[in-house]
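Both complexes below contain chain A, partnered by chain B and then by chain C.
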Partner chain A sequence: MRPEVILHSFWYLMQAAGVTIALSLVGIALGFVLGALVCIARLSGNPIATRLGAFYVSFFRGVPLLVQLLFIYYFLAEYGLDVPALVAAIGGLGFSSGAYQAEILRGALNAVPSGQGEAAVALGFSRLAIWRRILLPQALRISAPPLINEFILLLKASSLVSVVGIAELTRVSMNIASMTYRPFEAYLGGGLIYLAINLCLAGFGAVAERRLATGRS
Partner chain B sequence: MTIFDPRGLSRRAIMKTGLAGAAASGAYLAGFGRAFANTLADIKQRGELMAATEMQFPPFDISDNGTYKGVDRELVDAVGAILGVKVKYLDLPWTSILPGLEAKKFDICIAPVTITKERVKRYLFTVPIANATAALMKRANDSSISKPEDIAGKTVGGQKGTSQLEQLKAFAAKLPKPVDVKEYVDNNQSYADLAAGRVDASVNSLPNLAYAAAQRSDAFAVVLPPFGQPTYFSWVGRPDDKTLIDAINEAIIKTESDGTMAKIQKTWFGQPMDLPKTVPEPSI
Partner chain C sequence: MSFDVLWRYAPALISGFGVTVLCWSLGSALGLALGFAIALLNRLKFAPLRWLLRLYVEIIRGTPFLVQLFLLYAGGPSIGLKLSATMAGIVGLALYSSAYFAEIFRAGFTAVPQGQVEAAMSVGMRPVDILFRVSLPTALIATVPAIVNMLVILSKETVVLSIITVPELMYQMQTMAAETFTAFDAIFAMAVFYWLLVEAVSRVGRRVETRLTAYLTREAAA
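Coming up: the complex of A and B.
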């Protein structure tokens, strides 16, 4: 055990951690937008939109992210669509996370008893007010823990984007292992940084849940 | 379920997000998109040679705190200077490099590739850039191995899909006792298992092993002489890029005559070594 291996490459690891965090943030944001759209499509009552939404979810949840990334980056290039590595990475993470987030949001909205919406209509609430005051606040509270969970999973899944040549935390740990011939120290360094990031995320999630819970009596 | 009608959501907010996303991806495409072409003329016009390798193959390719170093880096920089173009480097996992070359993601693979009969059918090889003869490395404190034949009855690890591993299997087949060959995704895992005692020796090319043993002389030692037939590392291009490979060959030979190659070899291998000036007939 030589801790100086980690110290020597500390800034290299930190830069890579920055790439991992940035990719995950953009991926989760893109996934949220896509997930919301897909969720709306699935709950719209329009049969075509419902089917398309269901197809999106089963495709992007059913194909491994690694395969999706290889497909976007290498296979599309064979057909003349040269997707840059960064776009392939963000796209892969976002599309795949979108499928999971769509299901989280759908579950959360379905968990709000439909009687509440009906009662609000009867009381003369506008459609916008029903969403703003009744559905979204409750759905947000219900979906917060699984969304934080999804964020942590996505952050760890971002290690896969190294296959398209992006120097994120796992890739850089591998680089350090090969350069120093000290794999234990290199992966220990990378692993501790992942743990630190995810503990922060979990802490943030706990705070968010407490904030959202204040609406309850 | 009419209360879930999408019209209830702010359509403008959705549009805005969508437009911002489209604009952002447009910017990425403009910034990172590259038009690839087959010929040397296009590379010269672009002023940039796009080279890919896996920066986990010391002493050829090293990512030292994010800075690309090693034999390939110094040599391809010299080649770029001779051709009058800048060199850009792409770090990809080895398993993605040859598919990426075929998909025209970059112009040339500067990861060292051993010249074999199978591979010359599919890729265009440059003149050799280094010796690739297969050798073995053992734990420094293991006195039971002193020559390559001593691996009889022991366990040896190597990287899957490499010619060195194939040579090991051929060599092991002639030994009196069978050798248990363990295949790894990359050499670094084979080295890690050697240090951990799960294998008794690791197979790779002599220059790689000599460098590894020098870096960690406390753990590793090279078993001499190399057991394999003399083979060489080259860079590879797409089969239809003959003009590019010809120009690169000319540049590599120039680095040999002007002393650049010898200087690079002294830095990374400790001594200069002679290389063939033409692409040799594969011996394996």
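Coming up: the complex of A and C.
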């Protein structure tokens, strides 16, 4: 055990952690947009849109992320689009996260008591106003803790994009392992950084949950 | 889509699927046992032990599975732990899932109404009897949906084992793809296969769930 291996490559690891965080942020943002669209499709009442939304969720939650990443990578290549690995990585993370976020948002919207929407209709609110002033504010508040949880899961899942060659935290740990012949220390260092980021996120999530909970009462 | 290639590589793919099922079942079984042990040890009111177990669970849940596998498989030898890829995969799955299963069992124990335990104490049941006859039956039934969900998640996680060269389905498929230049066909087949597998496992899981929790719904209906 030689801990100085970790110290020597500390800045290298920190840079890679930055890439991991950036990837996860872009992935979760893309996933949120996709998730919102899928959620709207599933709640729209249009049978085709509902089916498509359900298919999307079932497919992207059922296929392992590693398979999805390679699928996007090879699928676009098959049709002559030579995408950079980064696009495949972000796409893979975003599409799969979109399926989970669609379910989170759907659950949150369903958790708003239906009487509130009906009361708003009775009071003559327009459809848009009902969404903007009654459903969305409450649904977003309810979905905040599970969304932070989803971000933690995505951050861990982003380790898989190392297989398409993105120099994020796991890939850089691999590089350090092969350069120093000290795989144990290298992966320990990488793992500790993941742990630190996730503990911060979990702490942030706990604070957010408490804040939002007091706001509701 | 070239089905003849899939046909030619069928023996390798079937053996790969066998390894996938082996890793999944053994890893989950060991993980369940370990997680259950952690949850039980947590119930002993011994603070240092609880901190240690908490630390273990947080470390496992806070780091990616892939990094854990690398640490075990590539890093293991430098601390005197030499495992074959498949063994490392099974042990890795077991350790990884044990933390999640421990949390599931812990939550299950909190689902036991405190009044039942107090009632059992007041009629003079021994702690062991309270555990096996009062707490566990309720706690275990309460954990069934979460365990089924975790087993489905683990069936997808086995794919990651291909990265540390465990010869499971994904690995065999990638070998086939590399040897026959059919990368897209292979990954397409994999996506469809895993999708169907996960759907099937979820469906069986839901069956088991309704079966095991049937008396709860019947009670609620009555």
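Here, the second predicted complex is superposed on the first by the 210 of 217 C-alpha atoms of A that agree within 3 Å, B and C clash if a C-alpha of one lies under 4 Å from a C-alpha of the other, contacts with A are read in each partner's own complex, and residues count from 1 in each chain.
Basically, a residue touches a chain if its C-beta (ideal position, glycine included) is under 8 Å from a C-beta of that chain, and two chains touch if they have at least 3 such contacts.
What you see is a predicted model; the values in this text were computed from it and never measured.
Enquirer: Going by the contact rule set out at the top, does A:Ile130 touch chain B (first), chain C (second), both, or neither?
Expert: Only chain B is touched by A:Ile130; chain C is not.
Enquirer: State whether A:Val163 touches chain B only (first), chain C only (second), both chains, or neither.
Expert: After superposing on A, A:Val163 lies in contact with both chain B and chain C.
Enquirer: Between chain B and chain C, whom does A:Pro64 touch in the aligned arrangement: first, second, both, or neither?
Expert: After superposition on chain A, A:Pro64 lies in contact with chain C alone.
Enquirer: Looking at A:Gly191, would you say it contacts chain B, chain C, both, or neither? Reply first, second, both or neither.
Expert: So A:Gly191 only meets chain C here.
Enquirer: Quick one: classify A:Tyr74 as touching chain B (first), chain C (second), both or neither.
Expert: So A:Tyr74 meets both chain B and chain C here.
Enquirer: For A:Ala177, select first, second, both or neither according to whether it touches chain B, chain C, the two together, or no partner.
Expert: Both partners.
Enquirer: Going by the contact definition given at the top, which residues of chain A touch chain B in one complex and chain C in the other?
Expert: 70, 74-75, 77-78, 162-163, 174, 177, 182-184
Enquirer: Please output the residues of chain A touching chain C within their complex, sorted ascending.
Expert: Those residues of chain A that touch chain C are 1, 58-59, 61-68, 70-71, 74-75, 77-78, 156-160, 162-163, 170, 173-174, 177, 182-188, 190-191, 194-195, 198-199, 202.
Enquirer: Residues of chain A touching chain B in their complex?
Expert: Chain A residues touching chain B: 8-9, 11-12, 15, 30, 33, 37, 40-41, 43-45, 70, 73-75, 77-78, 82, 84-87, 109, 114, 117, 121, 127-128, 130-131, 135, 162-165, 167, 171-172, 174-175, 177-184.
Enquirer: Report the residues of chain C in contact with chain A in the complex, numbered from low to high.
Expert: Of all residues in chain C, those touching chain A are 58-59, 61-68, 70-71, 74-76, 78-79, 156-157, 159-160, 162-163, 170, 183-184, 187-188, 190-191, 194-195, 198-199.
Enquirer: Which of the residues in chain B end up touching chain A in this complex?
Expert: So the residues of chain B touching chain A come out as 1-9, 14, 17-18, 21, 25, 28-29, 31-34, 36, 52, 55-58, 62-66, 90-93, 96, 99-100, 102-105, 186, 188-189, 191-192, 212, 215-216, 219-220.
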